[in-house]
Amino acid sequence: MMGLAATSTYRAVRGDTDFLSEPLTPEDQTVQSMPDVSPTKWHRAHTTWFFETFLLKPSLPGYVECHPAYGYLFNSYYEAVGARHPRHERGLVSRPGAAEIGVYREHVDGAMAELLPHADVDGSLRDLIELGLHHEQQHQELLVMDAKHVLGSNPMRPAYFDESPPHGPEAAQGFQAIGGGVVSIGADGTAFCFDNERPGHEVFLQPYAVAETLVTCDDWCAFMADGGYQRPDLWMSEGWATASAAGWEAPLYWRRDGDRWLVYSLHGERDVRGNEPVCHVSWFEADAYARWAGARLPTEAEWETAAPQPPAPEPLDRGRLHPGTNPAADPGGWYGQVWQWTASSYSPYPGFRTAPGAVGEYNGKFMVNQQVLRGSCCATPSGHARRTYRNFFPASARWAFSGVRLAAASEQV
Amino acid sequence: MMGLAATSTYRAVRGDTDFLSEPLTPEDQTVQSMPDVSPTKWHRAHTTWFFETFLLKPSLPGYVECHPAYGYLFNSYYEAVGARHPRHERGLVSRPGAAEIGVYREHVDGAMAELLPHADVDGSLRDLIELGLHHEQQHQELLVMDAKHVLGSNPMRPAYFDESPPHGPEAAQGFQAIGGGVVSIGADGTAFCFDNERPGHEVFLQPYAVAETLVTCDDWCAFMADGGYQRPDLWMSEGWATASAAGWEAPLYWRRDGDRWLVYSLHGERDVRGNEPVCHVSWFEADAYARWAGARLPTEAEWETAAPQPPAPEPLDRGRLHPGTNPAADPGGWYGQVWQWTASSYSPYPGFRTAPGAVGEYNGKFMVNQQVLRGSCCATPSGHARRTYRNFFPASARWAFSGVRLAAASEQV
Amino acid sequence: MMGLAATSTYRAVRGDTDFLSEPLTPEDQTVQSMPDVSPTKWHRAHTTWFFETFLLKPSLPGYVECHPAYGYLFNSYYEAVGARHPRHERGLVSRPGAAEIGVYREHVDGAMAELLPHADVDGSLRDLIELGLHHEQQHQELLVMDAKHVLGSNPMRPAYFDESPPHGPEAAQGFQAIGGGVVSIGADGTAFCFDNERPGHEVFLQPYAVAETLVTCDDWCAFMADGGYQRPDLWMSEGWATASAAGWEAPLYWRRDGDRWLVYSLHGERDVRGNEPVCHVSWFEADAYARWAGARLPTEAEWETAAPQPPAPEPLDRGRLHPGTNPAADPGGWYGQVWQWTASSYSPYPGFRTAPGAVGEYNGKFMVNQQVLRGSCCATPSGHARRTYRNFFPASARWAFSGVRLAAASEQV
Amino acid sequence: MMGLAATSTYRAVRGDTDFLSEPLTPEDQTVQSMPDVSPTKWHRAHTTWFFETFLLKPSLPGYVECHPAYGYLFNSYYEAVGARHPRHERGLVSRPGAAEIGVYREHVDGAMAELLPHADVDGSLRDLIELGLHHEQQHQELLVMDAKHVLGSNPMRPAYFDESPPHGPEAAQGFQAIGGGVVSIGADGTAFCFDNERPGHEVFLQPYAVAETLVTCDDWCAFMADGGYQRPDLWMSEGWATASAAGWEAPLYWRRDGDRWLVYSLHGERDVRGNEPVCHVSWFEADAYARWAGARLPTEAEWETAAPQPPAPEPLDRGRLHPGTNPAADPGGWYGQVWQWTASSYSPYPGFRTAPGAVGEYNGKFMVNQQVLRGSCCATPSGHARRTYRNFFPASARWAFSGVRLAAASEQV
């Protein structure tokens, strides 16, 4: 990424955030519907804060910060940067409003326009800008997930945007057998990746098989009809306790209406479509489903070994923010529909090192009590997907676009 | 209230709500900063719902409701009217937005313009309209209290409006002795009052004395300096536990800044002014203060017996939404500054009856575990004050404009 | 109470505590089944600590305390006496065990035998001993309530003791009309009473009527059958929320078994008997019942004005620790069956003063958010009852032996 | 294990439970000091219930259960066996008392004496008995951990038993380098092990180094002195939040007394001894310590590859229930002092299968959100230790005898 390229990439990524925010009213952008959710205007501000804090303040001489309180309000979790506003109180802050956040974004974008050309000649600057843009893309997905949770908490279930026409036909179902042995996973080399994908390293795999398609809503309905949510033998002990306490009986955003199930999507509430990938299930549910199906979840090494490279990027489409049928370029639905829960807990790779300074807090400090998801989803900016990408959420989380791909011992299929 | 008078009163009261909401942005109007607080736009909608539900639907032939979901969204607590949206989730509802609530208000006001002339000839209609307007005035005060809590939760402490110039000089301090015996309190007659003020009845009072002025911030600082928040012997047991758990060390909205105390008002944050009435203290604090001062709180019968009639109404002033110096018409500060905690728990008067139907839920069902406050405050619409008025909050509540007037046995002063 | 009389009274009261504890195993005496409950061995120790702290340490020269940690472990809530073990952790303290508490009691009783003769000539000593004995009697009732809650939490529902044969026939039902006017309530004079019963004073009453008998289990079953626990219009708002959250559908200790209701008593679990007074209902339930019955609860002044003097004391009977039929000496069941909830919140009487020193914390600091109960119950030591006695619990409490006597306006009956 | 051998092993293991319980009073045996802790008498009963439920009821003709309620009261978590008493309410059950549990144990031991000889000829019976005895040994350690927590919650900090004299000298400190490659871990073969240790399988390891000794209290004091509990950069994000909320500033059972630190052991409270292994630290603390030390925790595969076989069993010693100096047979302290936290989350081994029936619930359903510990501790019955043994607790747990052994990349040491 260099010179003009850096500038145009910067503009494109920042523009995508505005594009995704546009259908959301100032009121929509203010609400925090649960502690894990952040308001839209906070995401818009926090991604801006990242550039202001890690690029402009240290590297642009004479830069004047937009507002003295924003450093406190829009730091997410960087302890080394200083005190910050409590996460669960983000929804209390009505001011600055959505329009003022727009001013903040313009202020920072103007200053960045001065700084970006220097990335040509300064590699560490270039790396930080690249990190900032990938960081913003992560938050684009979070912004969509969180806005869906806000709108989905409204008893009127308003739509975010109209739906786009579907992709093509689905892939054939089946399992693909893969031989074991020592394989390499993770990232080396110079292409961008997050710190948690490094270093590349060897692992030993038993032979296994992995499903060629994602678990569908029809599959899930069969699980439900067979008492999947009523049989403790299918569940982890903590999963059963969680599901019982919360009264789970279907994926998040499903609602029973007489004999049928409705699903709330960002395009409004409508009937569940049987051939779509199931979405918004927790790891606990995915694990129980796999046990019921006589299979298991793949480990992240198994997933990465089996997965193809992601297809070429496509432009953002606000009408396709729900998992659907797969494009011809990815008939197995490895990317762009739902994140796929793995059997692996989130741990450092052998030899993992954090970056020095505050950006070193990026990933490492979350490496316990989380499960890894692989692939990408309908809300992931499509150029952001990588075969080595490691997403992670607690086993109980359901508000990400999370689904299921099965695995099994190779002799089972 | 009849004919044209009804129409102009209706317009005036409804207009006051708009006037108070005007400085609040759509984002401000959306936030619910704690479960007891309601968003501004909810108050604007709920007061409108009252007229739609109790007046228009039953009494205006051909009336078409504004939106089928509003009956569910904007019912507060009337069990008899049907299901309702949970109170603590009011802040999750971003839509309808502030502007759409404006449309709702206009829709109902238009229909009410048709209905209001009938109040001339229909007494029960007239009574319900009057109740609806007093209800809206109550919510005007709540709207201000709640907006203050929202803005005061923001670390930037934004102002709602600029401050108006102060009133005149203060009254002399002292106690007024009042003889005991059988006295009458409460309301009879035909002038409007809430159900909880009826019926008028006799009570027996011992001789007592009541303070001619309100407890000031200087007084409160003396209490604090003398360890008022550190001495359990001054407190009720539950009050001490509450204060310890919450870490109270000053009134709500006070913040220590080095050697001085700042107070957040709707006009922004500034130094505490010693001669202003102390405000935003709980009953627990008021009771502890009185014990420290060698006095006690008055009972509500004592308060009512000693109090003058309220002064003539004044127009709303957005610059005077903080207690200050008293006008010449009320030198003792009985009305228009701070509600005054009494020693009385909130109970039905002998012979109390609730109204038939859903409006009967107005007051009676809250008559336990609350303490009565008397007078009125700077956020009370001034024509809304009455000598017999019974306000009430839990002993731990601090976000109302609540302060302290002392009482004592007559031989003590 | 003087000299030998003091000594024999002391022995008798202290012996009653042992008599009540005897059927409880060391394990029974250790459990704290909810934060409000104290373990039996804690009651045995705390009543002993009272004599050690307020009598022996200040007044018996050369007294050596039994154990240096007991002052910390067995102080209940006297802030002025020093730090104390947290109330909700009383059930964590397995040592000292039940037998060691017995040694503590003997140690203090031995020292008290030296001190008691001095009460002849020292009035303030005499007053404190008398307070200590009344305090111990209060704890005898708490010990029984609490042990019932412990045993009743056991799925095996073990009996504490076998039941004694019943008393005589019941009284006729009906209401008694009482004229209003200024009456005197509370205590003056020199006979023992708690500080909260003083001073005697005048109050003004409207004419009223009070039930001649207690509400029975048959009455309560009619309330239940009529949807009493399903109709929010009968309940205080906070009561309805409490009952809904806790899933109340009958009094505490009642359990549905097919078509019938069982009740757990200290004599084991058995069928509900229709003609017994209903027991273990909260104020919220009592208030809802009264509204359903077209009546109300009496105020404490009304109760005291209507009530007779308590009958002559009877010895403790471990077989009669459940409300039943009334003795001839008290056919209306005013005493010795169930405490009777009143409409009055617990407040200081006009002119109330606390005693100087730590014993002044006895009652005053609980005078908010509690409702007064009058009379006495089957677990109250019978000589401990007084017409002016003011018992109190939060409106949600159910584990006391609490029941209902109705009142009404005099024209209603 | 066959015939007479089975009988004598059965008696020995069951006898060890009695031996460990003996110093605990009936009151000690009743208390549940936190939800994770079970009362001693519950452990004694539950281990007995295991034999009654899985051996006697299905396999001993004519067996009569000891008490019909015990199946409900003493089932721990076996969903397939039926309803059970809630875990967090185990401390409410005062009856059956400690002595009655003794009767239950004798009842079952008598019946087992009849059944044990059949284990000679019935392999599946033999396997279940062996499982039951290992299960009982697990509970012996839990019984000790839990009793320590109960006694340690007592402000008087009573001792369980007097301390035995120490072992011999300590090992030299240092790291041992181990080459990487494909290694085998886990259990195959016929010797007893738990299901979670199977199947044996290959994993790929990078070269690494592992500490030859355990982290000591002196080491830990250096960490504390260097601000270990005040520096968020050393901690996992969730660990920092947990430590802050709970106010951790030292290991569990440590208490500051002026300038020195005291530690509560089962032999009473005394000064921390610098050369003892640190104990009662959570995974969060162990992980932060390792980061501070410039090292990391070993994975479980690394631990198992480096560890020796456990030394020969020794008889139980109630005076040695605290980690101390190591015996000559295990100079590196791999076993018998403290469990050693690993970097590995608890997951199924490739090809893991649960046993059919209710005993299949033994381990598998806990395989999420837990961290693995390896080795054994001073409270582990010494014959119960295995090189492949996988213990596990949540990352926040501190009441197990858990400590730290460091690892590092091989080039670092």
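Think of it as A, B, C and D in the order they're written, each chain with its own count starting at 1.
Everything below uses one rule, namely that a residue touches a chain if its C-beta (ideal position, glycine included) is under 8 Å from a C-beta of that chain, and two chains touch if they have at least 3 such contacts.
Since the model is a prediction, treat every value here as computed from it, not as a measurement.
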Required steps from chain A to chain C (each step between touching chains, minimum):
2
Any chance you could name the chains that touch chain C and chain D both?
none
Where the CA atoms of chain A average out and where those of chain B average out, how many Å apart are those spots?
46
Whole-Å distance, C-alpha centre of chain B to that of chain D, is 59
Could you work out how far the Cα centre of chain B sits from that of chain C, in whole Å?
38
Chains that touch, pairwise
A-B, A-D, B-C, C-D
Residues of chain B that touch chain C when the two form their complex:
77, 79-80, 182, 201-204, 206, 232-233, 235-240, 283-284, 287, 343-345, 347-348, 350-351, 361, 365-369, 371, 395, 409
If you look only at chain B, which of its residues touch chain A in the complex?
25-31, 33, 41, 69, 72-73, 85, 89, 91-95, 97-98, 150-151, 153-156, 158
